[in-house]
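I'd like to ask you about the structure that follows.
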Amino acid sequence: MKKIIYAASCLLLIAAMLICASSCGTKSNDVINVFNWGEYIDSSLIPEFEKETGIHVNYSTAPTCEEMYAKIRNGGVNYDIVVPSDYMVSRMIEEGMLEKIDFDNVPNFKYVDESFRNPEYDPENEYSVPYQWGTVGVVYNKDIVDENESDIGSWDLLWNQKYSKQILMFDNSRDAIGIALKKMGKSYNVTSEDDIRAAAQLLIDEKPLVQAYVQDQIFDKIEGEEAAIAPCYAGDYFLMCEELGEGSEEKLGFFTPEEGSNLYVDAMCIPAGSQNKEGAEKFINFICDPKNMAVNTEYIYYSTAESAARDLLPDGMKHSSVMYPSGNELNQFETFTNLPVNCRRLYDKLWIKIMSA
Amino acid sequence: MKKKRAVPSKVYMAVVFIFMYAPIVLLMIFSFNNSKSRSVWRGFTLKWYRSLIHNDTIIHALEVTLAVSILAALIATILGTSAALGIFAMRRRPRQITMNANNIPMMNPDIILGVSLMLMFIFMARTMHLQIFRLGFLTLLIAHITFNTPYVILSVMPRLRQMDQKQYEAARDLGATNMQAFRLVVLPQIKSGIVTGLILSFTMSIDDVVVSYFTSGPTTETLGVIIFGMTRKRISPEINALCTIMFVVVLLLLLLINYRELKVNEEEAQE
Amino acid sequence: MKTTKAAAYPYVLWLILFTAIPMLIVFYYAFTNEAGSFTLMNFKDMADYSIVFFNSFRLAIISTLICLVLGYPMAYAMSKLGRRGRTAAMIMIMVPMWMNFLLRTYAWLTILENNGLLNAFLSAVHMPELHIINTPAAVGIGMVYNYLPFMILPIYNSLEAIDNSLIEAARDMGCSSSQVFTKVVLPLSIPGTVSGIIMVFIPAVSTFVISKILGGGASILIGDLIEMQFLGGTYDANMGAAISLVMMVIITLFTMITNKIDKDNDEGSVLMS
């Protein structure tokens, strides 16, 4: 009996170690760890990449940019690809957290439109390649929100007492405080302490009306009618409509607030300490292939920075003025820039204050 | 008079049990619901179980969870049993010190245990450049052993106290080596404690979320961590299906422990 | 018995490596800044978060009290059952306890949601709907539900251990039922009650998972605060370590004070009574 137990435990041990070995892998040339947002890739692309290159992809997600930053900053883990937003790219460059990309290994970079090269957040374009971009607006449920509501078209809708507990808010400091700043008519990138504090106060005032601070759950809550009003990425609005099916545009409304809103670029980067930089570059190159980029963009419903990929999209997406604002429309948008360190500290502190108010 | 009092107390017990079980039962029922809705029943389906089986992330997490739980339970059992024997042989003062130290991982909230281990692993990996302490399977395993072992010790200790020490001494007097005496006399008497510790460790590991959340790496997230992540995204009835499966597994394990204990108790009663 | 003390040394080493040293590292982080030089700023800045501490403690204390009020009668009723009934009741209490607590919390999410089962039920019987999800009340319900078994079991154990002849003796000497309870049963069940309070309070005051799932991120607790500093939206490992340290100190004090009530506390009995 004891021998059996002994043998069984030995076998289990060996089995467990094998699983361990296969799951942690020796960090060699055949694995890359990709760290992205939730709901942010067409999952068919991963097996395709694996087939094409023989590199295994470990894919994990974070709900917000700040959480992504924390995980990498905290260290102790090796990622090979991260997809931070513009302002976070420049912060990570500033803090030495990114590797320079060898663009010789990313020939498909040539498809990236001129207007997205050498962006403010990466002036020499050494560290990042655009993944997707888009704008922020407000989604609302027309069954609950009065069609003649004067606040429609403004951020004020998120502060409207009538819809108490029907309102959602972003679960990260930069987006949430940014919305309050816009409501005040300020720039997203003000560094004046008074303005930032005033914006935080606005969010504290809003708090009794807010049902929850969420990020990826916005889909679930709006689609399931748990909540009626939420700030939302334009692409996500279309995705929700698609999932709700026919007639959903009658039900869900969307607008870009007149006070102005955010235009963001999420970019693929290689974090310092990557164990498989070459594999990461292959991945970037693979995503930049207009064919794959189009597949991905069609799935995510955001906007692509490659005209060649945009041409491959269905007409509805290709010509959507919400997805691809142009000319004057672009003026209402502002991008986030990296804030100085004292402002970031203030944001963090105020965010906790808002969360605990 | 006794009967009169028994009725309200039974009603009260029933109410508490309903409170404890209703949510779980509802959750399980809705894992068979043919709709994403979490409150409206739209017919029976197994599709959430099917999509669960085809979800690579979850299957991988299941592998990691099983691997870490089995390994951690085995190692903790060996470590803990040997520690219990050693502690039992100590004099009063060092014994108390060790037992108090043993309480630390149990009394500390999960989050502190997780955070402190994570900080240490990062410190090792970053400052000492020990790559093996990069958050991954090994770190997860160490963390699980750390919180499992105290429970093994606490299951084995009472058996040691109950043990008839004269038998061991007699065996030694009759010429058995220390090892033989241990194997033939001590082990049979503490075996039930060891097995209870093993199963307890295994369930604790399967159950853990918080410590794993802080000590797992990107490729070694456990089921608990994955479910936690899922509740912060879109909620799919797949979670219900997964919960149902986990519930059944834990239930079976628990029945196993209790069946064993009942049997042991009965044997003792017979003696 | 002469099993050698050396058998404990591997575990002692393990405790030093993976319990003592991590604690020291928490200390180190708590008293340094990002650059690694000594500072007390982390503790000074924590004053800003006192409201979080206050909210956490209030919620944890309320939940513990509710658990006590619900759990004591339950344990008492269980201890009055016959042998088989007691075993069955024990198992029934333990099943949810060993089940993943995420699962239990998630179950309440589906019940308390605005369009959840509770409101579906309420509207079916023409009652007004309740908005509980994403409020501290929802977090409290989640805590009580999760931790109630931790309260019931130790109390039950101490009640069950009471020698029946003591109760009979008290009756024979003319005590009424309520006197028997207050003079004999209650004092003898204090050790278990103390264990129960500790075992509920500690996880309740340190949770972040329950508040994340049921609280909608709107009412953060100390656990959330710590999590936010390490893996969440406001990265600051030094501050996180400082908050962890303060929480550890508070919990140690709490345990010590509570244990004072129960003087004959033996080694390890706190958890496994």
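Per-chain residue numbering starts at 1, and chain names A, B and C are given in the order in which the chains are listed.
Please note the rule applied: contacts are C-beta pairs under 8 Å (C-beta built on N, C-alpha and C of every residue); 3 or more make two chains touch, one makes a residue touch a chain.
No experiment lies behind these values; they were computed from the predicted model shown.
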{"item": "Intersection of contact partners for chain A and chain B", "value": "C"}
{"item": "Pair of chains whose C-beta contact count is the highest in the structure", "value": "B-C"}
{"item": "Gap in Å, rounded to a whole number, between the CA centres of chain C and chain A", "value": "36"}
{"item": "Centre-of-Cα separation between chain C and chain B, whole angstrom", "value": "17"}
{"item": "Chain A residues counted as touching two or more neighbouring chains", "value": "74, 214, 224"}
{"item": "Multi-chain contact residues (two or more partners), chain C", "value": "113, 115, 230-231, 237"}
{"item": "Per-residue multi-chain contacts in chain B, two or more chains", "value": "37-38, 118, 232, 235"}
{"item": "Complex contacts: residues of chain B adjacent to chain A", "value": "36-38, 57, 60, 63-64, 66-68, 70-71, 74, 118, 121-122, 125-126, 133-139, 141, 217-221, 229, 232-235"}
{"item": "Residue ranges of chain A touching chain C (in the complex, touch as defined)", "value": "64, 66-67, 69-71, 73-74, 165, 171-173, 207, 210-214, 224-227, 348-349, 351-353, 355-357"}
{"item": "Residue numbers on chain C that touch chain A, as the complex places them", "value": "45, 48-49, 51-52, 55, 113-115, 131, 133-134, 216-220, 224-225, 228, 230-237"}
{"item": "Residues on chain C engaged by chain B in the complex (per definition of touch)", "value": "1-12, 14-15, 18-23, 25-26, 29, 70, 73-74, 76-78, 80, 87, 89-96, 98-104, 106-111, 113, 115-117, 119-120, 145, 148-149, 202-203, 205-209, 212-213, 223, 226-227, 230-231, 237, 240-241, 244, 247-248, 251, 255, 267-268, 270-272"}
{"item": "In the complex, chain A residues that touch chain B", "value": "9, 12-13, 15-17, 19-20, 23-25, 33, 35, 38-39, 58-61, 63, 74-79, 214-217, 219-220, 224"}
